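Two complexes are shown next, each including subunit A; its partner changes from subunit B in the first to subunit C in the second.
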Partner chain A sequence: MDDIKEYLKAERSKEWRTELRKSKKAKERTSLERALMPEADPNKRNKNIEEVNKGLLTEVALVEASRCLDCPNPTCITGCPVGINIPKFIKKIETEDFLGAAKVLKETNTLPAVCGRVCPQEKQCEANCFYTVSLKKTPVAIGHLERFAADFERNSGKMSVPEVMESDGIKVAVIGSGPAGLACAGDLAKFGHEVTVFEALHEIGGVLKYGIPEFRLPNEIVDVEIDNLKKMGITFKTNFIIGKTVSIDDLREQGFQAFFVGSGAGLPNFMNIPGENYNNIFSSNEYLTRVNLMNAAKSDYDTPVFSGNNVAVIGGGNTAMDSVRTAKRLGAERAMIIYRRSREEMPARVEEVKHAIEEGIEFMNLHNPVEYFANKDGRVNKMRVQKMELGEPDASGRRRPIPIEGSEFDIDVDTVIVSVGVSPNPLIPSALPDLKVTSWHTIEVNPENMQSSIPDIFAGGDIVRGGATVILAMGDGRKAAEGMHKYVTEKVKAN
Partner chain B sequence: MADLTTKYMGLTLRNPIIVASSGLTDSFEKIKEHDKNNAGAVVLKSLFEEQILLEAEHKLSQAKSNPFLYAENSETLDYLDIHLKDKELSNYLSMIRKIKDELHIPVIASINCVSSMEWTGFAKQIEEAGADAIELNIFILPFNLEHSCTETEEKYYEIVRKVKKEINIPLAVKISPFFSNLGQVIKKIEAEGADSVVLFNRFSRPNIDINAVKVSVAEAFSTPEEMYNTLRWIAIMANRTNMDLAATTGIHNGESVVKQILAGASVVQVASALYKNGHDYITEMIKFVDNWMDSKGFNYVDQFKGRLSQEKSTHPEIFERIQFMKYFSEIK
Partner chain C sequence: MNKIIEKEYFSKNVIKLVIEAPEIAHSRKPGHFVIIRVDNKGERIPLTIADADEAKGTITLVIQRVGVTSSKLTDLKAGDTILDVAGPMGQSTHLEKVGTVLCAGGGVGVAPLMPIVKGLKEAGNRVITILAARSKDLIILEDQIKEYSDELIVMTDDGSYGKKGLVTHGMEEVIQREKVNMSVVIGPAIMMKFASLTTKKYNIPTVASLNTIMVDGTGMCGACRVTVGGKTKFVCIDGPEFDAHQVDFDQMLQRLGAYKDQEMKAYEEYLKMHA
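Then we have the complex of A and B:
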């Protein structure tokens, strides 16, 4: 910890940073207003899949970067799960060294363009910004600036392929191509190992592709990163389910020396209320996967999804927002969120809620479904909801919802999307009886190196965390890569 | 040797002694032991909503302190109580399936409810899992100063009505004695379609520790003296309802089993006696009833069931007497 502090101090003391700080008075910096992210017109964007946030213009980014005070004690970094040197990359932007800023980001963050778009900065770095904590002002737009630097690098055509050490021929496997798997694969390749990524679906990218819709994270952004990994020599095998297509033992026989399990949390939870099995009641996983990955929004494809007119999404998290906004884009006249707590208690990002409201999403807070009804064909046509009131806070600090007896009423619906959380993918743990799992069904790992109870198996991301953020998953992947590198090197030496 | 076979809500039991819903009936292994000890049936431990909420609280605190779990934004943790309930229900249903697959003992599932909302849908799944009957354990502590007695009672009827609508297996309703007109409540429960009433449920009771000057919980087990109120109401209702009556609370030996059946109970439910004397104590209770029947020349339980109910008793007034007129006045 002290080492990091010393390092940050040394970095901050460099001449260019000192000069830059002196170039403007602090008061001048703090008097500037936070830059607003330009957004697509809500009434247009809710009918197409174009990205909502347009990205900061260069001149706006420069002003925003100058708001950062380059504090001696950069508390923003403590709010970042992977400890990005935030003041340094922002000051690089201020000096118009945008590629340099991207390089700083990539020191600790494999996918800055992704994180700049989907990280809950308002709860992480920006919540700990000096502006928020001490000045009680709106924080520096760290997330917007991160995205700006990463996008600049991508659009500049000067996106560097990270250097890879000479191949040592050691075969390692990465199971799952989500953020944890991609980050792990990237670092393993840098160490010179022969990396194969196994993906169960037909597309690489995991939750970045199937879970987060195009309007929030364009697939193109992810594809650029994947191309880069391919250029580093990583092999990707899609439609390949470890535990079904082949077992871990089969791969061991094929010479794989270590495995990273980043198979995510793809098992949707339901509420187990009457009628939940009727047709057109989906989990958000199924709904989003079909729309994002299987072209289900197009009626000429094999498995189109039903585009409902009255769509109810159950839940208050980011996945619920993604689902309801997707339903609106597919043509729903009435797309509503049904959430049992009030708007303040919603786990979704503030920005997602704001965007949803702008796009005409209806919010039924303090309501909870109790039963579904169907027509004679078994398709849902009505749901019964019950009003709730808030009681005392529970252990999460949120006030507990309490049903109001006798307050039930019915709403017409033709599509329901249940978005009440996910459980870790059970495939790998169930195929490996010796693998220790927690009572949450997550894989137990050593936090130092992400090694599981089976020495050649490492794990990270949602399979270890239940449901995390992209950046935490990536952090796990990188830590595991380091652990695996050490493990395989010693293993090979011993043999 | 007498034939102790008993009919309860249409189910055939090998004898009238049922292991009551308690910690004694919360696992397959324990049920297997009760089966081995020849219990007539078992009522599974109830699912308590309150317990699930407490568990959810505990798990949430754990999640907050686990550096790996990212509690704040998780939709899963946001709905943790619902997922836990789902898990509890699924474990409960698995247990029922396993018991029905591997054992012969009749299984009565128990649902503890204070509202008609949460659990009625679950009754259907219990039936599908193979339970032979359901026992609803309803208790609404009537401290709401705004509600009239009728409003509170109406909740009981609503729960019974809703559950009855969901299932085809028999339904027992376990209630407390705390009603201003218990007889009428039982009759109304019958009118809603229940097949049995279980008299009476027993609650955790508060106590005060005067040394530590704090509130505590009183002794959990019943005492044999507690059975007389049950005896009174079994006798009073025996010929006033077509439902089966199940007697519980304070039944600690074979003798009290005989007494309750004489008063009109079809079956008795025991728990404290087994906690105190061991699971196999039930065999001694069965033996006592058997020997008593032999000694009195009864071949079947039906021959003495309800013989001393209020209607048939030669002293019906005793069951209605509530003041001690002579007894205490003679004590000097």
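Then we have the complex of A and C:
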């Protein structure tokens, strides 16, 4: 930790940074207003899949970058799960060295264009920004700037491929190609290991592809980042289910020395209420996978999807927002969120909720479904909801929802999307009987290096956390890569 | 990319494909299935593995033409490729010696039944197999099933081959005649429902292999959910085989029809384009 502090200090003392700080008075910097993200027109965008956030214009990004005070103690970095050198990349932008800024980002972040779009910065770096903490002002738009630098680099056609050490021929495997796996693979490749990523689906990217919709994270952006990983020498194998297609033992025999399990929280939760298995009631995973991964909404693709007129999405997380906004885009007249707590407890990002409201999404907070009804074909046509009130805070620190007896009423619906969380994917744990798992079926790891109870198996992301964010998964992947690097180096030395 | 090594017509609409898939051929056990996607606009569908040849690195699938995807598949020729084949998925069949096992296969359900019949025979059971279909041209794999069955009974609804009558009649006859310790039924959901009701009357433990709608096949989407013993189960990871007496077949039938209208419309368009 001290090493990092020293490193940051030395970086900050470089002449160009010192000069830049002097070039403008702090008061001048703090008097500037935070840049606003340009957005597509809500009434147009809710009928198509174009990206909602348009990205900052260069001149706006320059001004925003100049707001950053380049603090001696950059607390913003402590809020970043992958430890990006935030002031350095922002100051690179201020000097108009945009490619340099992108390079700084990629030192610690495999997927900057993704994180600039989907990270909850308001809870991480920006929450720890000097503006937020001490000045009580709106923070520097770190996320918008990250996206700006990453997009600039991509559009410039001059993508820098991170430097990798000379190959040491040590074979390592990454299971799952979501954010945890990609971050882990990127760092393992930097260490000079021979990395193979195994993916169960036919596309690389995990939740970035099947889960997060095009209007929030275009697939093209994910593909460019994956291409970059390929250029670093990483091999990708799709349609490959570890524990099924081949076992971990098979891979050990093939010479793989260590494994990273980033298989995600693939198992959708249902509420187990009457009628939940009627047709047109989906998990958000199913609904989003059909639309995002299988292109079901496009007429020339074979996968069908039911796009209803009265769509209810149960839940208040980002996945619920993604689902309800997708339903609106597929033509729903009424697309609503049914959430058992209030706006305040909603786990979704502030931005997602704001965008959803602008797009005409209805919010029925403090309501919970208790039963579904169907027509004679078994298609849902009505749901019974119960009103809720908030009691004392529960284990999560949020106020517990309490049902109000006798408050039930019915709503007409023709599609219901259940988005009440996910559980860890059981495929890997069930294939490894010796692997220690928690009572929540997540894999138990040493938080220092992400090593599991089986020494050559490491894990991270939702299979360990049970349902978190892209960036936390990436942080785990990086930490595990370091742990694996140490593990395989020692193992090879010992032999 | 998985190459088709061999194609055989069982009948006009039922074909067998032998596909290159060395890892799956190595790992698969009776009861397992694969998810396939024919081309980059295709959907993902589950198909139970009918056979495999580890030495040659191939698996065998049997497909009946019923809609767009099955038509795309059955229109492929030897030498063509299938874009994605992933597996083997699901839990394999629990095979042990129990005594006499009555196996019943309906239509193309005989294909997934084949490795189970073989496995049960090899485990030392007396195996009686009933092959049932609407008519003679839909009876498949008769010789192969015969090889591993102590007795084979063929039944057709219209009497065009074997005995005339429904699969349940054949099952009743066997059960009346001798002690049956276990039953395995695989075929259309409606056939499994009635076959299961038949064995339930006699308290014969029965296994059914369910072929529901799936997208990913790894537990991720929940499209395949069924009610078994009052609890929601995912066919892809908990199954595909379940205690048939606990399965809510009526719900399963309803769920199989979830996209009926879209499927029919898409198939009509496909037929028009390929006429």
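The working rule: the second predicted complex is superposed on the first by the 492 of 495 C-alpha atoms of A that agree within 3 Å, B and C clash if a C-alpha of one lies under 4 Å from a C-alpha of the other, contacts with A are read in each partner's own complex, and residues count from 1 in each chain.
The rule is short, and it goes like this: contacts are C-beta pairs under 8 Å (C-beta built on N, C-alpha and C of every residue); 3 or more make two chains touch, one makes a residue touch a chain.
Here the structure is a predicted model, which is why all the values come from computation and not from measurement.
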After the superposition on A, what does A:T110 contact: first (subunit B), second (subunit C), both or neither? neither
Counting only touches as set out at the top, which of subunit B and subunit C does A:K123 meet: first, second, both, neither? first
Applying the document's definition of touch, where does A:N272 land relative to subunit B and subunit C: first, second, both, or neither? both
Taking the superposition on A as described, I'd like to know which of subunit B and subunit C A:N228 touches: first, second, both or neither. neither
Per the contact definition in the header, classify A:W440: touching subunit B only (first), subunit C only (second), both, or neither. first
Open item on the list: Quick one: is A:S323 in contact with subunit B, with subunit C, with both, or with neither? Answer first, second, both or neither.
Closed with: neither
Query = Now for A:V370: first (subunit B), second (subunit C), both, or neither, which partner does it touch?
reply = first
Intersected contact list for subunit A, partners subunit B and subunit C 270, 272
The subunit A residues in contact with subunit C across the complex are 200-202, 210, 238-241, 244-247, 266-268, 270, 272, 276-280, 282-283, 285-286, 289-290, 294-295, 300-304, 306, 377-378, 425-427
Subunit C contacts subunit A in the complex at 23-24, 26-27, 37, 41-44, 68-69, 83-89, 215-216, 218-223, 225-227, 232, 234, 237, 251, 254-255, 257-259, 262-263, 266
The residues of subunit B that touch subunit A in their complex are 56-61, 63-64, 67-79, 82-83, 85-86, 89, 115, 117-118, 121, 124
Listed in rising order, the residues of subunit A that touch subunit B in the complex are 120, 123, 265, 269-274, 315-320, 341, 347-349, 370-371, 386, 394-396, 398, 403, 405, 419-423, 439-440, 442, 445, 447, 464-469, 472
